[in-house]
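The next part holds the structures, each set out as structure tokens.
Here come two complexes built around subunit A, the first alongside subunit B, the second alongside subunit C.
Let's look at the complex of A and B:
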């Protein structure tokens, strides 16, 4: 097919050359078009068009203040169509949208330029990079919350020492939960403000205690997560001590709850000595710790529920509604929250039942070494389940799979679950459980659960409870109460 | 270290910088907390070793102090066009033997791209060192000419950047530091030597520049006792120039300034008209002046121990090279990238040569791609659909510079100063490559310019500079 060259001339129409080049590109991309150009008809431009084989007699006669639309296409039809398209594009009104394009800065430094009053950096980058970002934030005078895990221990120690020297708080690494001045950070619940301050080395421990306080109609001043390793020997409770200092000096905080795995023995003494200097009352909840000598202003709580009861000055009611008959078999806990799994083990051990777990507390045995007929509490948030997969609090798929298998297991009398709500958590974890139960046989094991969450949470506690009730799940007001109920319902 | 001040975290309303999961920022925003989300990516492109070096350098107080000094020197500059003279008068080395200066970092003839070789052949003929282009190419290939970068002689040149003894150069003096920088005169658009053109027309125009334009301009500039340039650039920015792809305003401002002096100092009427018409017909005339300004401003910032500020960026069509204040005269090079842009009728990306020229010196002082927001008319080159998107380009560049220039402001950005003082550490940290506005040359010698667009500086240059800074001995 013969190439057709067509020109159209707009007299006295001036457009900027860059705008014209963009239009040229659009037209040249049309099917059947070999080349196209929109140019002001200056002598130089006419020469360029001629050289490119784009000039016809119409264009040749145009003057410097005229605009030439020039196309070369395969066939007359395509040439005419291209010229028509060029005219249309020329008429097209420039877009008026996106007057302000949001600009997301690429570095902490730039972010501080955009928001100079920032006082906290919330860091959730991969663990290998978290320390470097935290160091920059400390250098800029910010307090730091590190959600990331897998930060090398030596880096954690160094960061917390730097923070101490600068008078800045380092929450984490592996700090999943904090509530500062009523604002939930990362995985936390919407809890009313009040006068109880929390410090926790565990995310779900902080969530459970703060939600139990909320359920009792009270509130918290701040919940400060310090990271799972803070009370270990190497870190030496650097962040816990800093958090105690802050809450001790905070007029909004009347009393303080400290939640952790058992600290290293050398660290316990340091922490208790600091607690003893305070004039505020402390509740020490070291899950699985042996009895220790506490200062006079401190009391011990064996479980998260007990810690809440201690600080509330009232017992969390046991489940009294009519219960089904107990079944023969063992208790299987399928947990998303690590501290909740630890608490469940402690309740079972206290009830005299042998327990095995992949995250065993003192007194429980390791899962692989356990006898076949002992209760099992599985922490599905442990590394072996989350490597390369989302945490079960975000995506319950791993638990749903385990639950499906457990429902068919004749050896299981009771399945124990935690339902953790709040920001960051799955939008409807109860529905996921209900969906699995819908396909269960009629003689399935008993299902016992508690909901860690509040009415103000996105998932709404009462809705989650309603969904679970409808699915036949037995509900307890706290995780410890749920574990106790499981003990009542399991014979053997 | 300063005395620690106790954390005010529990006493002040939260204001958060979120680095990592976007959901956390969304949750905070929904709670009504001020939050700025960082579009984070692994620093140093995920190279752990380099990231560790970077972390060390980012916290180095000596570097911070050295950078302040480097930027202060750049901002203190008072560039003035003081003369137009033959290159050999300004650069004595050009008077010795057959020396040819080219754009970009050092490069041997064999590795040069087509347009660069074409321009060199043309220059050899222009200087009379060979009778024709073929003989000229043979001479160059046989090592018969000395090839050196402009930057080694205080000079800069656009695209191929060829400078030889007889070519006139603009002389820009930085009155604050009494240093001088040189750049050839802009030849105009189309088939020109800076784009590898070397035919008879090209050489004839160069002869006219040498014999008519340059002497006239030189006389006028001297009579004017120099033309101050800092405020001219400031006015140009306000009039829609970014001084790389668009120099329409500054060229007009310059012509307005120099025309009376040309009239006073030129004798022949026809010649004067030709000179005025040549400048008036070339919107890019000011580009070469802007480049000399860039060189005059950045040179005093060179060789400040520990400083991580870029003092030059340039390309030779094969390699991209940068120099950094604290590492002296060392070049850090990487293969140059292809520009992305718009093409003249009859040409496409298939015809394009990799990026070329010393002109990226203007980006080193916050102009060109760094001042994109000042020039809505050229935003199309960056693929931006709107002036607002072009503004984002400029704001991005601010993330990799140490400072802003309070004298050169951009009305569309609330008169924010242009981003000044590219810090190699910040480039490596953020992965944001300096954006350079550029012309696109045909890959074959002699064809000339085929389009214009933008090119990104290769990050490898900056990574290498960071590693070298880490190896530098501490200042004593």
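Let's look at the complex of A and C:
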């Protein structure tokens, strides 16, 4: 019977020498195994494996930081069985879990073949490739939502011009949230259908306003994300203007809310001119913008919460639960949502508190240049925290780590958090926070949070609130209210 | 529709019992600078490695022993380390603490570690030290790895090197001829097969080269060390593991484990009564890593006793 060699490669897995030798011995002792080895796949070690007749093509292609599991057995069946058994032994080691990936189309054309009625493509590939994929989608007659960031600005401008020429909508790049015709896309919440249309250059801004609308018993027609750079000078609001056209013409939309960081002054003029042509009422929420001369059919809102109140025509309920005593110290905001972090800064600045942030709004100072005794609002979704790792809305690890440190910081009076629910978000973010708090000292800072989400979301808003309540977190009905509550609870 | 990943939620360590850093090596000091961020790259039974944007560090309890990459801690958490920290988790330095997974390690009290200074030594003391080392090696060194390469008669050839003796021959030649007016060129292609050679986290071949670089520093041959490292460094990418590369880079600065420096100090100064104990201390550095590094270092020291490195003493850095 001919000897057969099988290799399995574990990418980026380190085991120490003792574990490698122990496993090698256990694998070599498996039934039918002639020889076995477990080695880091450096070229030198691959050469050793090749000389020992233990290397196959899989192992040959492994890199220096990968682990090769190699077995040689009499006959193909024995080799396969030995490799399977050896893999099981290896799986008992940490960091080897790999979830099975279900079948999914590998190209736009195969996706369209499987779903010929599709009318929108959601592009989520590395930024360098997103424009090419978006062009393919536009060429297939689809509207496009580009979730990817790091798309070159020139490509964004070109794509949006191409979309305009083709009569197609280009959402993004860097568009994290949209709800089109009731269908949530990417990070979005399950909100009821209604007559309020939203346009947003910010993902969590759209989420917060749509959820506040849902909490008030109203609903939205569409929520159109346009991407973080759309209202900049270079792009010139190409997608925002297209979205206004769409919602203005949509009979199901009665009122429109526009949410963004402050646009470029030239772009503001263009957008407001278009708003003024509409017969519908607009709420303009440009977070951190100075006063603008608005057309008669538009009103300004300084915060996301104020935008929701304006469009609802009713105030969001204040915090009514009993409040603990205020503490000496600073406010530290650990935010997953960029727009929510911006809104919190605006609330603190309005309260007269000096604020620093890694994503500073006008009036706040940059974190690295800030004095030591100022409130800090950290946007953990910013590039410096998400490069090479999931966004904190998906994986709260980066925030949990910071939260553990903050709980031990005697200079912090209040820790301010956003809990963002919805499709794509972490399945139980409140539990993550509660798990960290379980190990906190009794004299920890106050924890204040708001939950951006709905009862229909996979995480169920009321369950998240119950978990946070049980963990001793003080909850506010909106992010702006949470920031205001933090101001009340922090002396200093 | 996006798929939601699943998440494990281990029970956190009580924050009131966070570890406290007791000692820190020079490379770890650079890596664990305020504000540095990265991730946990490997978790073992008693230590874990983080790769931050500023470099690598190895974190463990005090009995891990001091080393250039090591941050050793008091109040180390009980139970399996993997209950506290997992591969891929965020690691960062914030407010004077290393935060990694569920571990919070206060850094403020960490005492900087530097290799112990070698006392007076000369050719006679080194000869005594090497003789005592041979005895210790015969009694203590494992047959795995490269330790017994450094035996007195040189007759033992480890299986790992069965067909790879050329790199060692070339290294011996380099060490022998460095006193020439025009040192011979380094044929790095002949040394390269040692890189990444061996099964472990820091392969035996790398440990051997690391020990050699450390010993070249100790005997004042930093010029030779630097020539060798400049030749080897580009090859380390792709030929060995990232963690081993970090250890090799430390060795190129003359920094090895505390156990290796202790043993080499005893050998150089001929403190024969200390050598067996010092060599035994190498057993605590990985499975064979400490021994492999000693083998590389001994190749330099033996070259000196043969007179090959006498020239070096003229420009020796006694610090």
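A few comments on the model shown:
Everything that follows uses one rule, which is that the second predicted complex is superposed on the first by the 383 of 492 C-alpha atoms of A that agree within 3 Å, B and C clash if a C-alpha of one lies under 4 Å from a C-alpha of the other, contacts with A are read in each partner's own complex, and residues count from 1 in each chain.
In this section, contacts are C-beta pairs under 8 Å (C-beta built on N, C-alpha and C of every residue); 3 or more make two chains touch, one makes a residue touch a chain.
As the structure is a computational prediction, the values presented were derived from the model and not from experiment.
In the superposed model, A:424 lies in contact with both subunit B and subunit C. By the touch criterion stated above, A:21 is placed in contact with subunit B and with subunit C alike.
Of the two partners, subunit B and subunit C, it is B that touches more residues of subunit A. When the two structures are aligned on the shared chain, A:439 is found in touch with subunit C, with no touch to subunit B.
Of the two partner chains placed by the overlay, subunit B and subunit C both lie in contact with A:39. By the touch criterion defined above, A:65 reaches subunit C but does not reach subunit B. In the superposition on chain A, A:385 makes contact with subunit C only, not with subunit B. With both structures placed on the common chain, the touch criterion links A:148 to subunit B but leaves subunit C unconnected.
Of the two partner chains placed by superposition, only subunit C is touched by A:402; subunit B is not. In the superposition on chain A, contact is made by A:51 with both subunit B and subunit C. Applying the stated touch rule to the two superposed structures, the overlap between the subunit B and subunit C interfaces on subunit A comprises residues 16, 18-19, 21, 24, 37, 39, 44, 48, 51, 95, 99, 186, 423-424. Put simply, subunit A touches subunit B in their complex at residues 16, 18-19, 21-22, 24-25, 35-37, 39, 44, 48-49, 51-54, 70, 95, 97-101, 103-115, 117-126, 128-129, 132-133, 135-137, 139, 142-143, 147-148, 164-169, 180-181, 183-186, 221-222, 242, 246-247, 250, 252, 423-424. Chain contact summary for the complex, subunit C toward subunit A: residues 1-7, 9, 11-16, 18, 37, 39, 41-45, 49, 82, 86-92, 94-95, 97, 99-102, 104, 144, 160, 163-164, 193-201, 203, 205, 238-243, 286-289. Looking at the complex, you find that subunit A touches subunit C at residues 14-21, 24, 37-40, 42-45, 47-48, 51, 63-65, 94-95, 99, 102, 186, 384-385, 388-389, 394-395, 397-398, 401-402, 404-409, 423-424, 426-428, 431-432, 435-436, 438-441, 458. Contact residues on subunit B toward subunit A in their complex (touch as defined above): 1, 4-21, 23-24, 27-28, 31, 33-43, 48, 51-52, 54-55, 58-59, 189-190, 342-347, 377-381, 385-386, 388-389, 391-392, 395-396, 398-399, 426, 429-432, 451.
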